[in-house]
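Residue numbering begins at 1 within each chain, and the chains themselves are lettered A, B and C in the order written.
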Amino acid sequence: MLKRCIVAENRKLHASPIWAMFVVLPLISAGYGTFNYLQNLEILTEQWYSLWTQHTLFYSMLFFPAMVSAYAAYLWRLEHMGHNWNLIMAVPVRPFDLFLAKFLVVVKLMCFTQVFVYILYLVCGRLFAGFTDWPPVSTLFFMLRGVLGGLAVAAAQLVLAMLIRSFAVPIFLGLVGGIMGMLLGSKGFSLLWPYCLMQQGMNANRSEDMLAGNAVPFLLACAGWLAAVFVIAGVVLEKRDVKA
Amino acid sequence: MQTVIETKSLCKQYGTRMAVDHVELHVPQGCVYGFIGPNGAGKSTTMKMLLGLIHPTSGSVRLLGQPLTRESRLALLRQTGSLIENPAGYLHLTAQENLEIVADLKGVPHKDIGRVLDIVHLAQDRSRKVGQYSLGMKQRLGIAMALLGSPKLLILDEPTNGLDPAGIQEMRALIQDMPAATGATVLISSHLLGEMEQMVEQVGIIDHGHMLFEGPLAELQRHSRGSVTLRLLDPAKAAPILRAHGIAADGGCVTLPPLRDDLLAALVQQLAMNGAGVVELTPHTKTLEEIFLSLTANEEAD
Amino acid sequence: MLSALHAEFQKAHRRHDLAICLVVPVVVFLWTGRLTSNDPEELANAYSALLYALPVLNAILMPVVMALLASRLWDIEVKGSTTKLLYTLQSRRSLFAAKAAFGIGEVVLMVALEMGAAVLLGRTQHYTEALPVGQLFYLGGCTLAVDVMLYLSELLLMLAWENPLPALCVSIVGALVGLFSAFMPPIVSYFVPWGYFVPLSSYEVAVWDQETHTVLYGTRPFNWGLLAFTAALAAVLFAAVWRMMRDKEV
């Protein structure tokens, strides 16, 4: 049943230019990161690690949540427009599967973006920063942890976009969520707010591993937040009357 | 005969307003059931509750012999096609792509798409974006979506909205033939009574959330019999008899109030025996429109 | 004109625009409130630090917020398919004037609240630096000019596509580029209107001691030239939005 929902979801995205932003944002982020790294060689002395922080700092704190929000809002806007709620809720699929399908579509795109970010990181490092070796394996883990941390954000933004019929408001809230995440993260409350998890996972603002030896709480927080958001989505979809 | 849709004391309350108030629907299998009422009477709300789109405040729904619950909902929806309120659709996609999405979600093979497009005469426009469709075309696409997978039960909310007269005629023929052609039961709502008279066998009339009448169309027409016009050769001979019944007589044509059949027969016999010369007896069956108005007027007087 | 504006107010009913105008200063308040510590030396420099930080915050937030306001104002007409109706009920000029006036009014309110939040922050955290009133007004004026310019550009995108998606995406990308341009050589930042908040700012880092993590802020002359250019850009966009709305076929 879920598979059918995913197929349908992918079909809806046909001929939609939304993915362009997922290409443009990492490109800009990488270009700026490399530039800034080269400008500040006297302070940024940790080679690949330093380049990683420059590449991912603003991206993971602020623009990743905004980008995922835009995607989530777009997916639900398709249903908010033109009475489509009546259509999707009257087909024989579990309402939660509809949500899950949208979630997986967002996650798929998120993974592509992360991989793209990493490829840009490698290319910039070798070509522009003049490194002759390859980056430490841990940066690869940072990237994968970023995906894990991003899951809860994607789910939370999908819930917001499902509940809020306006397109722009959930995106704004995503940006605010990222800012709150930045503030809470710097106070050490990073596991208590889903929008922090991505930044923590990416290890974007320090060269030492922020999660060294703390992987278990991080993973638990990711799973916990994701489960909590899923429960909310499930309850909302079951209990709420369809307004089309 | 099995009852395909059955509701018991179905209620939906929004704030203090009862949108649907203890509605009892009984839709027999294999019929076209007309669900009639003015705008805002509670038709769409009831139909949304039948599909589980909104949750009843109280009361229960049985579809195809099974109670509608969270568990049974999906199995029941698999056998149901619906069009609620305005037609849905993804405007940036073509009709073909829209139907593919619905077919995927319903688990229906894509070859069924051609069949439904033919039925609603959209086969030629299948590759156009739905955003460029007219209202009537969108409506037909909505019906095509409902028909996908040949469901046993069709729930159509005002399906003739936005159609031109030829389209309405086609729709009427299509729906009328549905029970015979596919064995489907059709619940169709409308506020236009005239178009319903020609395609439905069963009717339910709803106003302000209350069911005013439910039964075969023929019973409704009988139930609200109209007046009868008598043409007499000799009005003078008839006058005393009519006066005795409290009817004013002037001239050769007399309008009798609605009467039971046996009373009417007795009156005509009496007139004939007195040589009044009954040459014409014209019954005026009320149109559904008039019946409806009289039913709702009674409701308001209560 | 007044009735058109009145209609905009009625449409804003239950749209919670005021909440959006309030959320922004609250976010700014929380964000900047965290930046200052109780160190007496920092408190003596606190308004400077705040007025240095605010343009950066604005560069991150405002492009998206302006897109949000523009979409609130125009998307209701798209969703309700009311443009056809409105174009028959009122002159296009009055519709445009009302939309522009209402949106700019919201922006003025937001900027005023943001400046209010800055003063409030100074009071609650007991800044010892004297409130630089002139600088605050200059910052308010610059923020207003850039905000209005961004608002009009987003409204233009919204009108062009009848869909808020491009405008929102441009605003997110614009915010990113604007933020980056703030840390690039000044000449780069002149080419990125989304980030004009920063080159317009009259505060700069005067002394940065890396060892002790102390920063001293100094002021630089007001950037009247760029402010005038921003206003000119806003005027051009204003004309462009008007032309677009006037010539739009519905």
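We adopt the following convention: a residue touches a chain if its C-beta (ideal position, glycine included) is under 8 Å from a C-beta of that chain, and two chains touch if they have at least 3 such contacts.
Owing to the predicted nature of the structure, the values given are computational and were not obtained by experimental measurement.
Student: Which chain has its C-alpha centre closest to the mean of all protein C-alpha atoms shown?
Tutor: A
Student: Give the label of the chain whose average Cα location is farthest from that of subunit A.
Tutor: Centre of mass proxy via C-alpha means gives B as farthest from subunit A.
Student: Measuring from the mean C-alpha position of subunit B to the mean C-alpha position of subunit C, what distance in angstrom results?
Tutor: Taking the average C-alpha coordinate of subunit B and of subunit C, the gap between them is 56 Å.
Student: Using mean CA coordinates as chain centres, what's the gap between subunit A and subunit C in Å?
Tutor: 26
Student: Once you find the CA centre of subunit A and the CA centre of subunit B, what distance in Å lies between them?
Tutor: Distance between chain centres: 50 Å.
Student: Going by the touch rule set out above, which residues of subunit A reach two or more other chains?
Tutor: In subunit A, residues 81 touch at least two other chains, as defined above.
Student: In subunit B, what residues contact two or more other chains?
Tutor: Where subunit B is concerned, no single residue meets two or more other chains.
Student: Using the touch definition up top, name the residues of subunit B that touch subunit A in the complex.
Tutor: 48, 51-55, 70, 74-75, 77-78, 80, 82, 84-93, 97, 100-102, 104-107, 145
Student: What part of subunit A is in contact with subunit B in the complex they form?
Tutor: Interface residues on the subunit A side: 4-5, 7-8, 11-12, 14-16, 78, 81-94, 238-239, 241-242, 244.
Student: Mind pulling up the subunit C residues that touch subunit A in the complex?
Tutor: Of all residues in subunit C, those touching subunit A are 20, 23, 27, 30-31, 34, 60-61, 64-65, 67-68, 71-72, 75, 79, 164-165, 168-169, 172-173, 175-177, 179-180, 183-184, 210.
Student: What residues of subunit A sit close enough to touch subunit C in their complex?
Tutor: Within the complex, subunit A contacts subunit C at residues 18, 20-21, 24-25, 28-29, 32, 35-36, 43, 58-59, 62-63, 66-67, 70, 73-74, 77, 81, 166-169, 171-172, 175-176, 179-180, 183, 186-187.
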